[in-house]
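Listed below are the structures to be examined.
One chain, chain A, appears in both complexes that follow, with chain B as partner in the first and chain C in the second.
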Partner chain A sequence: MPLAFDWTQLAQQTVIGLSSGGTWALLALALVLIYRSTGVVNFAQGEMAMFSTFIAWSLVDHGLSYWTAFALTIAISFGGGFAVERVVIRPVERAPVLTVVIVTIGLFFVFNGAARWHWSTETRTLPNAFSTRPIHVAGVAFSIQDLGNIAVSLGMVLLLWLLFRFTKLGLALRAAAVNPGESRLVGIRVSWMLAIGWGLAAAMGGVAGMLAAPALASFDQTFMQPVLLYAFAGAVLGGLDSPLGAVVGSLLLGVFINLIGNYVGWVGNVLKLPVALAVILGVLLVRPEGIFGRPRVRKV
Partner chain B sequence: MALLSLEHLTRRFGGIVAVDSVTFDVADGEIVGLIGPNGAGKTTVFNLITRLYSPNDGEIAFDGSSLLRTPPHGVVKRGIARTFQNVELFGSMTVLEHVLMGRHARRGRGARELIEYTGLSGLAHRDARELPYGVQKRVELARALASGPRLLLLDEPAGGLNHEEVQELGSRIRHLRDDFELTILLVEHHMGLVMGIADRVHVLDFGVLIATGTPAEVQNDQAVIEAYLGTA
Partner chain C sequence: MRRVLGIGAGALVAVGAVALVAFIPRLVSDFHSFDLALVGVYFIAIVGLNLLTGYTGQISLGHGALMAIGGYTTAILVTHEHWRDVWTIPLAGLVAGVVGFVIGLPALRLSGLYLALATFGFAVALPSLLKKFSGLTGGTDGLSFFEKAPGQVTGISGTVTIFGHSMTQNHFFYYLTWAIGLVGFALVWLILRGRFGRAFRAIRDSEIAAVSTGVNLARNKTLAFAISGVYAGVAGSLFVILREIVTPLSFSFLLSITLLVGAVVGGLGSLPGMVLGALFIKYLPTVSTHLSTRPGAPDFVFGVAIILIMILLPTGAGGLIGRALKPLTTWLYTRP
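== the complex of A and B ==
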């Protein structure tokens, strides 16, 4: 049933949209991080995030609190992403883009299969990180969980921005992404920077998974697949080579899809994913560089 | 004492011998010009010294030990910095960030001081790629100096500059050597500039070293004249 329109509902649905959009934004940022440095979309990003989330589940299952598991999982994901780059991606570093894309599709199945093998396919639940009790702001009830998700997502984005903007490592990461040859000449170990980029992307994805999972009643090894699609749509909308674009695009998409799902009866819950695909297609047709991306100009 | 020495350095690309058994050295504190017609292999020599390419044969020694065991990202740490023929900057980085980048592996003078020295004060927070070409060249120079190099490789510093700017560049390069106690190896097409400032000149033609000497000696060398003007 579509909702009847009223401002309270609109405010609530917007916050719910921002909450899921924030989660997608983290995964979208992970995609953009790798795309900017290698020109490749990592199709395994969602499955790596799923794997991270299962690690978090195991830690919680062993009695750790959600937030301890959260911090540990970020560290493990970083190490895992770093290792994947060193072991799997580095040998194809100089190969054509298509080769690398196919390797990431292979990684998709490896992570998916490994997770099924290790954790079996029964569904799991992750405790809520935040209270589900509502708080009232200006007469509107918002769920603390939604607000908390938004806060964590934006906090991670802020941390990443600080890293890139104000640290020596961040400067080196940016330099290696835009001009690898020249970076070597100022003494940057470019291939290590690529691995660190993969580590950061895996960590961001892990956070996305750990925020997305508690919002679901239960999850299994497929739960990040729609999130990857939404994140991809958000990143394309904002501009695949723009970190800011990935965040803004995902938040816009989150709100748009949640509102359209609630107010347009025939879209409902079932057609949300096709709407995301329509957004990807529409952006690629009308403005391929997205909202914040730079158009590709080639000197001839 | 030679700070840099090349011995029988050879680099082939497919069937083309871009650098053919080249031997020369650059003494500490010298300004040395590396000249030759287009395609003579000058930039390839720079790319070999900075380890962007590996030679097929021969040896490069810097400060008494081989450079060939140094990985590309380690070259700057040993005290070698360069600028490029076509300015190579990082997209969406400010002038200040470029200079800080230069200090990544080895530190020379402070970034602010270098920005002032290269006349970039007031531009520190501008996106470097939006600046005029001549200014971008100074950004590149500031970045190279930021690592506190002993050897500075300049690839066509006069390229794209007008007559007055070239005049100024000559005295600037000399001051650079004295102020920073540098050794400078310079690839340059602008003969007036090279002959005016170089202590010694090495001449390449089709990858082969055809002459070495003071600017005056080289200018009167028959092989050099033929390489530039062709044989009658």
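== the complex of A and C ==
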């Protein structure tokens, strides 16, 4: 049955929604990064994030603390994403969209298969990065974990924004995405920029995985698959070519889906994925460029 | 003279293909007949998918969901209404065709990547919907013919007798799927040769050019989705008849992307390549268990194979065959 309505409950559920929305935002941001620079959606983004999370699990299992493993995994994921672009995506850079989509689907199978091959299919647990103890603000109990997740997600978004806005590398990355031809003329190594974009996306995805995993009681190699659909929905809602849109869209979606799951009994936990699909379809049909995206104008 | 030779060669290949399909069960074991029947199911689904993606240019990452529509239509008719299993096939195709048509409507506004995203969402979300409406679909447990309506399963005694010929159930499955598969193949071939095929290809190559030469975009796109849906529905129906059980897991989104991989590996825009595509998605995981029997190894090999094929042979097997036969076909089909 739906919960009786009261403001405390609503505030709590909103924060829980923001917490999951924050992890989706990181994955959505990864999708947008790659979409902006290559015009292709990476269907393997979720599985790459899952793979990163299993690396983090291994590091923790070898006795490292969560935050050391966290930092190391980000570095490894960056290298991994960079290498994937160099080895696999580079040869199909100029191929039609469908070919690249199929290659990312191939990557999906590669990462999923490799993770089950190496780590076997039993379920794992990651320790909580934050205490699960609640803190009380104005009579409302929030879990520190949820607040911590939101803080880390937004912190990562901020770091990325600083990188793109204030560094020379960021400027080169943006130039390569907006106008590869002319960037090449002014001496930017566009192809390396693409690889760095993939590395950044993989690192973002890794963080999303490492935040999503402890929130689950236990996880296996499928745990990022629903997150990928939510991230798609968030990115489409905000506008597939807008990083800001991906973050705002995912946060909105997180709150919306958590509230609808809690207050509309018929939806419950079961129909959350179809709701995400409905959001994707609705946005694409009504306003395909999303909230922040720019409509595409094509020359005949 | 060459024209006659060309038609003769085409007819010879067709007769040869039919004879080969008819003769194979004599060479392989009962067990392998069942596997080959599954290849037939994939074949039907990806021939339909090829019409949509390869010939009309509309990417679908949700064909497994259309198969699920057909499969569940069959399962519901058999277990709730006690229909004979094989007689549900036409209706399953029809229902999935209608659903395909309905999916085609929003697809009019989407193209390329966005269509891929929307159909992918459809495939990921469908299992939750199937679980939700458990009164009809049996929820997580699904519907089992064996428990609910064993009397309606063809060949449950182990043998099937048609026109006085007795054969094992697996041989029956083989002949059933491949008979439907060959007829379906011929129909698609005829459709693509004619007016609709031309319209489809025009849309694939350039929507704007197609519209400006008088092709009705809305009608042809939704038609392609509907035809493709019928094929997926029939394939899904056969899939369930073969397994005698259906659960939400039978049609996961992995099936959807596997089908697209089959169509691409076989060669988009090449119909004969679809046989190779179907064999690829059925047997590559089996073959790769020789490498390692640990879970995940087949998927890993599958993924690597997909990537290598896309990099080295982007037109798929069909493109390779086409190139190899090019001198012969140009000689046969050009007027001197």
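By our rule, the second predicted complex is superposed on the first by the 298 of 300 C-alpha atoms of A that agree within 3 Å, B and C clash if a C-alpha of one lies under 4 Å from a C-alpha of the other, contacts with A are read in each partner's own complex, and residues count from 1 in each chain.
Note that in this section a residue touches a chain if its C-beta (ideal position, glycine included) is under 8 Å from a C-beta of that chain, and two chains touch if they have at least 3 such contacts.
Just so we're clear, the structure is a prediction, and the values are computed from it rather than from any experiment.
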item: Partners on chain A (chain B, chain C) - clash or fit; value: fit
item: First (chain B), second (chain C), both or neither touched by A:A83; value: neither
item: Touched partner set for A:V186, first chain B, second chain C, both or neither; value: first
item: Partner chain(s) touched by A:A172 [first = chain B, second = chain C, both, neither]; value: first
item: First, second, both or neither for A:L154, with chain B first and chain C second; value: neither
item: Touching partner for A:I260 - first (chain B), second (chain C), both, neither; value: neither
item: Following superposition on chain A: angle at chain A, chain B versus chain C, Cα, nearest 10°; value: 90
item: Partner chain(s) touched by A:A11 [first = chain B, second = chain C, both, neither]; value: neither
item: Partner with the higher number of touched chain A residues, chain C or chain B; value: C
item: Closest approach of chain C to chain B (Cα atoms, Å); value: 22
item: Common ground on chain A, meaning residues reached by chain C in one complex and by chain B in the other; value: none
item: Residue ranges of chain A touching chain C (in the complex, touch as defined); value: 39-41, 43, 88, 91-92, 95, 97-99, 101-103, 105-118, 120-121, 221, 225-226, 229, 232-233, 236, 270-274, 276-277, 280-281, 284-285, 288, 300
item: Of chain C, residues touching chain A in the complex; value: 53, 59, 106, 109-110, 112-114, 116-118, 120-122, 124-125, 128-129, 131-132, 208, 253, 257, 260-261, 264, 268, 292, 294-307, 310-311, 314
item: Complex contacts: residues of chain B adjacent to chain A; value: 50, 52, 72-77, 81-82, 84, 88-93, 97, 100-102, 104-106, 143, 147
item: Contact set on chain A toward chain B in their complex; value: 168, 171-172, 174-175, 178-179, 181-190
